[in-house]
Structure formats: C-alpha cells, structure tokens
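The structures come next, written out as structure tokens.
In what follows, subunit A forms one complex with subunit B and a second complex with subunit C.
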Partner chain A sequence: MAEQDIALMAHLMRRAGFGATYEELEARAAKGYEATVEELLNPESQPAIQDDILMRYQPQWVSKAGLEGQQEEWTYRMINTKRPLEEKIALFWHHIFCTGHAKCEYPKQQNIELDMFRTLGFGNFEELLMGLSMDPAMVFYLDNCMSHKDAINENWGRELLELFSLGVGMDGNANYSEDDVKEAARAFTGWTVTNSIPRYPYGKYEAAFIYDPSDHDYTEKTFLGETGNFNGEDIVKIVARQPAAARFVARHMYNFFVADEPQVPAWQNTPPRDPEAVKMLEDEYFRSGYDIRSMLRVLFNSDFFKNARFEKVKSPTETVVGTMRLVGDFDMPRPGLNAMTLTIRYMGQDLLNPPTVEGWHTGREWIDSGTLVERINFTADAVGDTSHRGVQAIISRLGSEGATISSERLVDGCLQLLGHYQLADVTRNELIALADSEGELRTGTDEFGTRVGQMLQSIVATTEYLFE
Partner chain B sequence: MVVAQRISHVQLQYSHTIGRGEQFGPGFTYPIHMARGEDDLMYVLCRSSEYRPEGTRITVCTVDEEYVNAFARGVPQQGPHEYNFEDGSLVWPVNVAIASDGTVYVSDEWLHRISKFTRDGEFIGKWEENIGSGDGQLDRPAGLAVDADDNVWVVDGNNHRVQKFTPDGQFLTKFGSHGDGDGELDQPWGIDIDSQGNIYIADWRNDRIQKFSPSGDFLMKFGSSGSGDGEFNRPADVAVDRDGIIYVADWLNDRLQIFDPDGNFCGSKTGEATVSKWGKDKLDANPEMWGERERAPNLERERDFWAPTGVAVDDANRVFVCEGPRNRIQVYQKQSPMFMGPRL
Partner chain C sequence: MTSTKKDPVLVVLQLSGGNDALNTIVPYGDPLYLDNRPNVRIPVDQVLPINDRIGFNPAMGPMKRLYDEGKVAIIQGVGYPTPSRSHFRSMDIWHTCEPDKVGDEGWLGRAVRDLDPGKENVLTGVNFGRGLPRALVAPGVPVASVGNLETYGVLTGIEIEEQRTKALDVFSRVYSPMLGQGPVLDYFAQTGLDALEGADILSTAPQMYSSSVEYGNDTVAQYMRNIAQTHLAGFGTRVFYTTAPYNSFDTHAGELANHTRLWTETSHAVADFYDDLKEHNAGDEVVLLVFTEFGRRVHDNGSGTDHGSGGVAFLVGENVNGGLYGEYPSLEDNKLLEGDLHYNNDFRGLYSTLLEKHMGLDAQPIVNGSFEQMDFI
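Entry: the complex of A and B
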C-alpha cells in the first residue's frame, strides 16, 4: 500500500469523520478513495450504533433530560459510530443552525433536531430549511412562537436570512433588506409550538410544531423582489433559489470541511479564500437541485480538498473525539465519559449550547492561552497512556521494525501512525534531538513503549498538531 | 343453556403513582428497580447520571408515599479514569433484593460488586469484587433474587448466566451460557423466584422470558422480538406473584405485559399515572405549573409508561412498575377472579 494513499485517506477521514487508526486507514486505502467517499456519503450502508446497549448502561440517555448527559451521548456516538460522516454532518449543521440549551432547557428536544440533521442534512437544502422552520427547538429558540399576525417578532425571519441561508451579503452587496426580514417574519406568523407539560413532577415532554391559521398574516408580502400572499413555505422556496444561498452553503462547507475561512460576519466584503472551489460547489448546488450530498461528493473528490491538508484548526470536538478514536478509549460505555466530554467544553465548545445564535467562531479563534493548555494536556494524557489499545498498536508496529530504531524513525514513525502528520523541519529536528538525548532505542525493552508514548506526547504538543 | 365463562384476563386495577424527580429527599432519580420490605416499606434503587451522582441512592418510602430515608450514595467523579470505590457507594447500581432478615442486597454492574446493607441502610459488607467468568466470578452483575433459604441468585449479565451464592458470597451453583437456544441467555437482566423456587429470567437480548427449575434446569420460555401481544423489545425485568402470574417490564415497548403460569399472554398495561402526593406537593410549591398543565395539550401523555426497567409484586398482589425516565413508580392492584364473598 502506497503511503501517499494512506496519507490521503487520513486526510479524508479527519475531515469527513473524526480520524481513524492506521489499521483502518490501510483497509480503507485498499478499498479505494472514491469508494470510501461513497461509503461515507451513504451512512446507511454501515451498521448503526446499538442503542439498546447504550441505554442499558447509560439510562439517562433514554430521558435525555440533562445537557451534560446529552453531550456525553453525542460524543460517545461520534467516537464509536461506523458512520462518521453522519455525525460530522450533524455537527456541521449544528455549527450553523444553532439552538442553545441555555434557552431551550430540554436536550431531548435538541436531539430531535440533531436526528433531523443526520437525515435531512445530506438531502435537499430547501427541505432542510423547511424542517428547520418546523423544528420545535428552533421555533422556540428564535421566538417564532411569540410572533403573531398583529405583533410580529422578527427574530426567526432575521436569522433565517442572516445566519441560516443567505448571509448579510456577498461580493460587497447586501443579500436582503430590513423590509425582507419583516416580510419573512409576517409570512411565518402562525408557525408555532404546542404548550408543553411542565417539568414537575415527572419531567418534560417534547413539544410539537403546529400551524395556527388563525394567527397567520394573510395579507400580501413582497420578499426579495417577489410579491404574493406568501406563507413560510414560499419564503423557504424563494430563499433556496437565491445565488446567495448557494454561496452561503458552499462557503460554510468549505470552511468546515476544507480550510479555515474568515468568520461569517466578514463574508459580505471578504471574498472566499478559494473562489474557484466555492464556485464549483455553488454550481453543484444548482445543478443537483440543492442537494447537499452531491455537493459533498464534488468537494471530497476535488483537488482543492485533497490538497488542503492541515489547513484547518481542529475544533474542540474534533480534537477530543479524534483522540479517543485514535487511542481506542471509550469504545464501550463506562464511567469517566462525563469528565472526558467536559474537556470539549473547557476547550471552548459547549455542544448544544453555543454562545450565540451565530454559533462558534472557528479556525484560530478556537485557540487561546487557556484552551491551548486544555488541548495539549488532554491529548498528551491520552496518547501517553500506553495501556490504551490504540497506543499499544503504535508501539507494537514500531517495535516490529527491528531490534533498534533510529531517532529519525521514531519521530517519523509516530507521525506516520498518528495519521501522516507533518512537522516543520525545525520542529522535527528538535524532536529528533530530543530522542537522541535519550540514547539508543531498543525495541525489545520495557523502556520502548514509554519512549514511544513520550514521543507521541511531544508531537501532540506541537503547533502543527492543532491543525488537521 | 348456561355456559361457564372462562377467565381469560388478569385484571389489574390502577392504584396510584409514587414519586417525583428529586436528587434528595422525597422523590427519585431514575428509579431503575425496587424491592418491597417489611411494614409496607419500599426500597427504591435510583441510578442517577454521572454528572449528578448524588442522585444515585436507595430511597426508602412506604407504599403510601411516606418518605423514610435514603442511603448508599453515588460516587462523585474525579476524572476520566479516577474513581473512589469506597464501601457502601454505588456507581452503576442495577438491582435490589431483600432477604428474610431484612438485609438489602444491591448489585453494581460497574464495580462488579454485591453490597449489603441493613434494613435501616447501614453498610454491613460486600462480596469481594472478583471479575471474570470462572465459578463465582461476576462480569456486570444485574438482577438479584433471594430464595426461601436466603441464598442469593445473581444474573451475571456479561457472562450470560445465573449464579447462586450463600449470603456471604460463597459460590454454590450456576446455569446458563451464551446463546439463543433453550436455557441459553443473551445479556440477561432481571430475575424473580416463584413460590415453588422456580427461577424466571428476563433474557434481555433474546427478547424472551425463560423459566428454570430450582436446580437450574430449563423448563419453559415465551416471547419473541416485536411489539405485538406477547412479544418483547428488550424485557428488563420479570416478577411472579403467588398465583404464578408473570409480569414483564417490556422496556423499549414502554409497557407491562402479563402472562399466565404457562406463559400465555393475558394482557398489557401502557400506564395510567396520576399526580403523586409528592408531585402534588411540588406543584403546590410551584403553582404556576398547575396553570401550565391546564394549558398543555395531550396531558394524557403523562399517564404512559416510559422505558420501565423494574417490576415487583408483593404478597398483597400489588404490582409496582419502575419508570426511570419519569422518576416514578406506578402501582396496580391485581383483582381476584375467585369469589370471596360475602355479597353478590
């Protein structure tokens, strides 16, 4: 198996999933790149996680009543899924279509939204926006249940346009006006949710979306240049056919899967980092009839994707989940999951509870002096624990290369087995010097595993390892 | 011509609901199982989440919903790999059973431990954790039952078998192995023993109930995967009353199923919960919620079982169904089909 094929597969699995062990990369490379892309794009071809086992050992995952429990469950799914892109696409849309626990206060309701992302998230963007418009968590989070025909609340209408479908502007021009926001809000009057049974004494119950025709504004609206007696469905249809919608989806995909872009508020006046790549995705959006899966297929098979290695700062979720998949920890439900999951929060990403409706700022904004320490401590602890199955596999593999291995090979072998990471020459040379200072490395000794673990710890503490 | 009518159903009449969601005091946190003690006492095993371990405990209350006390707290977490396994604490408790002298046994499927408490909740010992698959070793112990001789039967979940121990944890005998044939088990969970000493096992991943003789010989099985009458979706627990009627907590079908002594389907219950005494107290303390309840459509949803994991029946023919996600226990009273007099 050519190492460049494995390196490319490592790149694909980091972006379309949460990374993979070297053994999985070898198997996938043997299967072929495009075949793996198709498998990832069609998650139903792989077995689902056995929910009965999870719920037996983690009973609170039945009720999904607490934020931390729901964060645990999602993290566990991301670590153990055989359908990595299914969870990655849910994370992608969660980054964009934010609802927050601080307001919703019922994780089960947000999990229903995640399930929608797992299914509709691969499909037609118009249908996804319709699903979102009728999602009780979103209807409540953005106050559309408080928008009435005689007193509109603009929150949903505004965020639908600004943060969920078009963006404020592109190519230096605005994508919509304040009047469009108000007209969209009027069109969505009557889209509301049922009153819920209060949490006492037996816990919450899911709310349901309902359309209340008696509270809908039936008067004529003019929206994005079109006039009619529009209801919410019409607004979504008009939105989905805008060039700005194609740009919006394409640019978000590029930022999430390919390379870090400027943050969303800058998009009106800051062109895409790779305009040709974003144009390819925009074209596929219209060619495919707004099909997200088709856009992802173009993306993953493109040269711009294949060449964009280590151009993205890992999110906290990608950092933690990727590390756990690598070392093979939490492959069965066990205590300690809560502490592990909380590190994602400490690194700056409180899943299901983003700081604002704009979600998280990504890229280098993930890193500050506090979150950097959390990252390095967490990843170093994990890869330095030589009892982990995944770490043992790395030790065993390197140990099979001969009676001794050189310092250069120790560094390069660890980089290779971590997923073909690349270091700047100055960093690599320092690690080689570090290995040299420890003396000859004999593979048959007790010290060997320890030294491999220490080298892995040194690698994950580098600047380069912050990227994927 | 007079035709005798055959009694085809066991009649269960809803009695009342006990519980409310609480981490302390009157109330439960995910009541996963319970056992009936003396003097109308109930020992309700609460298995809280890892992020609220203080909710893990045994709450003692009466069938009339009078709070007595709580003991055996959960273990606060210290990190992904650090735990304080001090005696008397619980991490993943599954089942509770009571011996004739009032000793309370609790299984813990993370610690692979059987802990013992007095009827008042004082920790009095544990069986030494001995993880493995050899005789007397346990791997994720689940259901517990105490027989007429005060020996303890333990469902050894990950070893797919049942083991019998003396009260101080000495191995006596075992039966069962992994599989789906007669007498084989797949991650079994709940257990009960009838008045003849026969043993009933919730054969969880085989979606069936199996009955064994006191010596562990296979006697009977019933159930298959599905949601129809007599079918199961991961049965979590089983209980048998004095008349041999079998009650099954049909976990992921959200119902209680009832069978005659031969395993024939007699009926099912999907829940009839009402506001408990503790629940009323909570609502009275938060009166705006009475109004919210009045405005909520489909309030009848509150009646329904949700993922019942425990079922118990006492000598007064009261059937108790533990609903973890709803933090409550629904109580039913079996009606007697036999004429008891004195009036028609």
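Entry: the complex of A and C
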C-alpha cells in the first residue's frame, strides 16, 4: 500500500468523519478512495448503531431528560458509528441551524432535530429548509409560534434569510432587505407548535408542528422581487433558487469540510478563500437540483479538497471524538463518558447549547489560553495512556520494525501512525533531539511503550496537531 | 514616586442555578412570606434577624457576623427589566450586560482589557474552575482558567517530572512565534506561551502560602482558598472569578436540606476568605461580589421553588459600606411580576459602582450604558 494513498485516506476520514486508526486507513485505502467516498455518502450501506444496546446500558440516554445525557449519547454515536459522515453531516447542520438547550421546552426535541439532519441533511436543500421550518424545536427557538397575522414576530423570518439560507450579502451586495424579512415573517404566520402541556405533574411533553390557517396572513406579499399570496413553502422555494443560497451552502461546506474561512458575518464583503472551489460547488447545487449529497461528492473528489490538508483547526468535538476513535476508548457503552463530553464543553463547544443563534465561531477562535490547555492536556493524557488499544497498536507496529529504532524513525513513525501528520522542520528537529536525549531506543523493552507514549504526547501538544 | 496604595482587586463568586432570595435574606416579619411558603419556609424563630422584618438564613452565621461588623452590603431586589427565567439566558445577561440581544463579550473580559491594555500580565484575569465563563470572554484578552491550582499546568499527564520538564522545554521552543508563519500560527504560538507562563507563575502560589484559616472541603471553599493564595502571592491579578458547582442552587426539589448545605458551605467560604486576607493584611484592596442569575418563585412548589426573577447579591470587603441597599421587593400580589419578586435595582448599576468607585474604570462602555450607582463603596 502506497503511503501517499493512506495519507490521503487519513485526510478524507478526518474531514468526512472523525479520523480513523491506521489499520482502518489501510483497509479503506485498499478499497480505493472513490469507493470510500461513495460508502460515506451512502451511510445506509453500513449498519446503524444498535439503539437497543444503548437502552440496555444507558437508560438515562433514552429519556433524553437533560443536556449532559444528550451530549453523551451524541458523542457516543460519533465515536462508534460505522457511518461517520452521517454524524458529521448532523454536526455540520447543527453548526448552522443551531437551536439551543437554553431555549428548548422539551430536550428530546433537539434529538428529533438531529435525526432530521441525519436524513434530510444529505438530500435536497429546499426540503431540508422545509423540514427546519416545521421543526418544533426551531419554531419555538426562533419564536415563530409567537408570530401572528396581526402582530408578526420577525425572528424566524430574519434568521431564515440571514443565518440559514442566504446570508446577509455576497460580493459586496446585500442579499435581502428589511422588507423581505417582514414579508417572510408574514408568510410564515400560522406556522406554530401545539400548545405545550404544563410540565407538572407528569414532566415535559413532545411538541408537534401545526399549521393554524386562522392565524395566517393571506394578503399579498412581495418577497425578493416576486409578488403573490405567499405562504411559508413559497418563501422556501424562492429562497432555494437564489444564487445566494448556492453560495451560502457552498461556502459553509468549504468552511466545514475543506479549510477555515473568515467568520460568517464577514462573508458579505470578504470573498471566498478559494473562489473557484466555491464556484464548482455552486454549479453543482443548481445542476443537481439543490442536492447536498451531489455537492459533497464533488467536494470530496476535488483536487482543492485533496490538497487542503491541515488547513482547518479542529473543533472541540472533532478533537475529543477523533482522539477516542484513535485510542479505541468508549467503544462500548460504559460509565465515564460524561467526563469526555464535559471536556468538549471546557474546550469551548457546548453541543446542543451554542452560545447564540449564530452558532460557534470556528477556526482560530476555538483557541484561547484556557481552551488550549484543556485541549493539549486531554489529548496528551489519552495518547500517553499505553493501556489503550489504539496506543498499543501503534507501539506494537513500531516495535516490529527491528531491535532498535532511530530517533528520526520514532518521530516519523508516530506521525505516520497518528494519521500522517506533518510538522514544521524546526518542530520535528526538536522532537528528534528530545528522543536523542533519552538514549538508544530498544524495541523489546518495557521502556519502549512508555517512550512511544511520551513521543505521542509531545506530538499532540504541537500547534500542528491543532489542525486537521 | 512610590505609593503604598495597592491596586484594587475584584473577586466574583457566582452562585449558579438561581439562588432563592426569599430563603436567603428572609422576610420573616411578612405574613405573606408564611402564606406563600407553606412548605419551603425558614422557621421564623431560626432566622438571624437584621431588623424586625428581615434576617439571614440560619445557615449564614459567618456572613451575619461580617454583616454585624459592617463589612457586608446586601443588594436587595437586584435584577433587570423583562427578566428571563432560563438559567443560560439570564446568566448570559448578567455576564454580557445585554438583556435585549445576545452579546459576545463579557463585562469582566472588557474590564481586564481596560486594566491591562498592553497585555503585560497574563494573569490580570484568573478564573478558578474549568471552562471560561462568558463574563470573562473578550476577543484577544488572555484569561487563565484554572481547574486545580495544585496541579495546574500544561502536559500535566506526563507523570515523571524529568520527562515533563523536557517536554515543556520543547513545548516552549516549538511555540515560539516564527518568522513568516502567518497570523494564525503566530496567535497560537503566543497563546501557548501565555498559557505556559501563566501556569509557571501560578504553580508557585501554593508553596508561598501559609495561613491559620482552615477552609472547608467543598468546591467553593477550595476555590476561594485558591483565590486567596493567588492574591497573596502578588502576581498582579486584578479580577478573580469562580463559580459554585453548575446549577447547584437550582433547588426545584428538596430545597430546605440542599439550600441549608449550600449556604453553610458558601457563607463559611466567604468568611474564611475574608479572615484569611485580613490575617495577611491583604484585604483592604479586595471586594467580593456574590451573585446569582435570578431569584425563585414566591410561591413554593411543595418541596422546592421554581425559576423566578428579582434576587439578592452581596458585597463583602474591608472597605465596603455594610448595610442594606435597595428595597426588599414587595410580596403583595399586585406588586409581583408574573408571580415573582420585582427587581428595583439594576445589576448594571451594581457593576458600574464596582467598576468606577472600586476599580477606577469607566463603566459606561463596559456595562453598555449609564446606570444609577450605589453607595456601598
């Protein structure tokens, strides 16, 4: 197996999933890059996580009564899924269409929303926006249930345009006006949720979307230059055919899967980092009839994707889930996962509870002196624990290379088995010198595993390892 | 010129979950209190009286002692207009001073930026606890966040000290900003060095510390001790922050037992902290603010209380003008706001007082407006 194929596969699996062990990378590379892309794009070809096992081991996840249990459950799914892109796409849409636990009547509503992302999230963007418009968690989060024909609440109308489909503007121009916001809000009057049943004495209840025709504004509306007696689905149809919608989806995809873009509020006036790549994705959006899966196929098979290695700062979720998949921890439901999910929060990403409706700022903004220490210590603790199956696999693989191994080979071998990471020359030389200072390294000794673990710890503490 | 006056220091203790104001400063002289609290009520004869109307929860003896010495200001009816009863949202409003929109900068993050605009001290702001509260977040402002002062540091998982020293040595060199690596990597490198420097300095604090005060073993007490240790070590920290365990004050059920334990721990921690600084002659420059995101419903739910609004805050310090501030909110039905105590003191006025009269900063841009200040300093 050519190492360059494995390195490319490592890149694909980090971006389209949450990373993979070296053994999995070898197997996937043997199967081929495009075949792996197709497998990832068609998650139903792989077995789903068995919910009955989760129920047996972690009944508190089933009740979905609280944020921490919900975070544990999702983290467990991300660590163990055989359909990594299915969870990654759910995370992608959660970054964009975020609702927050802070404003959610019934927590399970957010799990129902995630399930929608797992299915509709690969499909037609217009259908996804329709699903979102009727998602009880979102209707409540953005107050559309408080919007009435004689007193509109603009919150949903505004965020649908600004944060969920078009963006404020592109190429220096605005994508919509304040009047468009109001007209969209009017068109969505009557889109509400069933009255919530009081919490006491039996606890909370699931809400359902309902359309209340008696509370809908039937008068004529003018939206994005088109005039008619629009209802919500007309607004979604008009939105989905805008060039700005293509740009919006393409640029978000690029930012999430390829390379860090500036923060979203800057997009009106800051051109894409790679305009040609974004153009390719926009073209595919229209060619395929707004099909997300088709756009992802173009993306993963493109040169711009294959060449964008280590151009993206890992999110806290990617850091923790990727580390667990690498070392092989929490591959069965067991207590203790809460510490992992709290670590994701301490690193700055409280899943299902984003700081604002804008979601999280990504890229370099994940890192400050507090979150950096959390990230380095968490990752270093995990890879330095030589009892982990994944760490043992790295040790035994390097140990089979001969009676001794050189300092250069220790550094390069660890980088390779972590998924072909790359270090700046000065950093690599520092690590080689560190290994030299410990003396000759004999593979058959007890010391060997410890030394490999320490080298892994030093590697994951570098700035290079903050990227994927 | 030399000055013997020490730089002012602000310490904030956040009581997370919504502390029940009515069972903290208890309106035991008001028959409406007894009516509204058929089950979750402090027995009148156990209240530690302040006057014939109100008194401290019986678990708050240590704070009552400081109050009697004139070192505690009680801010009654503190809140903000159109209160949110969501923990997250209401805490966010207290953190960002943005009740109408979602803000992304914290008031103390801004204060740290104003105190140390040149970022000369990586420890100007220090949080004890894991994860940085929004109050301390401001773009480009480094704030150390310490989960455990005794073990705080980078690569603490490397157990053999010699190995760790070597690894940190490498760390400090690979995190040195390098020519031409671009702004993102420069930023990461500087952040890594800030973290390392902060950890190096902070790790020396426990060894420099000795005190006759024995703090409790609960989280709040240990973090208040850590704050005392760090303050006494003289690293120039101006803003300290710590938080009671997440949502611990959220007493929907079993309130009487839980709330008693919480205030036993908290009031001992507050008084121990005060005594500790006094013993070291290091309390004159320090003011401690104790706050929560909201009070709780006037009427109990049988075993606890649900989310409400108007709450109570405390200021503790050698130079605090002790006493009662604001008015105790009325419990009369027609004065309540949707069944909750109505605030009469905007928390942003409380913040402004601390920022201007204590810290010497311009409060207006930090709290997003001008608010009436108080006389507790």
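As a convention for this text, the second predicted complex is superposed on the first by the 467 of 468 C-alpha atoms of A that agree within 3 Å, B and C clash if a C-alpha of one lies under 4 Å from a C-alpha of the other, contacts with A are read in each partner's own complex, and residues count from 1 in each chain.
Following the convention adopted for this analysis, a residue touches a chain if its C-beta (ideal position, glycine included) is under 8 Å from a C-beta of that chain, and two chains touch if they have at least 3 such contacts.
Owing to the predicted nature of the structure, the values given are computational and were not obtained by experimental measurement.
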| item | value |
| --- | --- |
| Contact breadth on subunit A, by residue count: subunit C or subunit B | C |
| First, second, both or neither for A:Gly66, with subunit B first and subunit C second | first |
| Which of subunit B and subunit C A:Gly225 touches, first, second, both or neither | neither |
| Touching partner for A:Gly172 - first (subunit B), second (subunit C), both, neither | neither |
| Touching partner for A:Pro47 - first (subunit B), second (subunit C), both, neither | neither |
| Shared subunit A contacts, counted only where both subunit B and subunit C touch the same residue | 200 |
| In the complex with subunit A, residue positions of subunit C that touch it | 86-89, 92, 102, 104, 122, 127, 130-132, 134, 139, 142-145, 153-158, 163, 166-167, 170-171, 173-175, 178, 181, 184-185, 187-189, 191-192, 194-195, 198-199, 301 |
| Residue numbers on subunit A that touch subunit B, as the complex places them | 52, 55-57, 59-60, 62-63, 65-66, 68-69, 72, 194-203, 205, 329, 334-340 |
| Of all residues in subunit A, those that touch subunit C in their complex | 100-103, 200, 313, 342, 345-346, 348, 353, 355-358, 363-365, 367-374, 376-377, 380-381, 384, 424, 426-427, 430-431, 433-434, 437, 454, 457-458, 461-463, 466 |
| For the subunit B and subunit A complex, residues of the former touching the latter | 19-21, 30, 32, 47-52, 77-83, 91-92, 109-110, 187, 189, 204-205, 234, 252, 273, 275-276, 278-280, 282-283, 286, 289, 292-293, 295-299, 301-302, 306-307, 309, 324-328 |
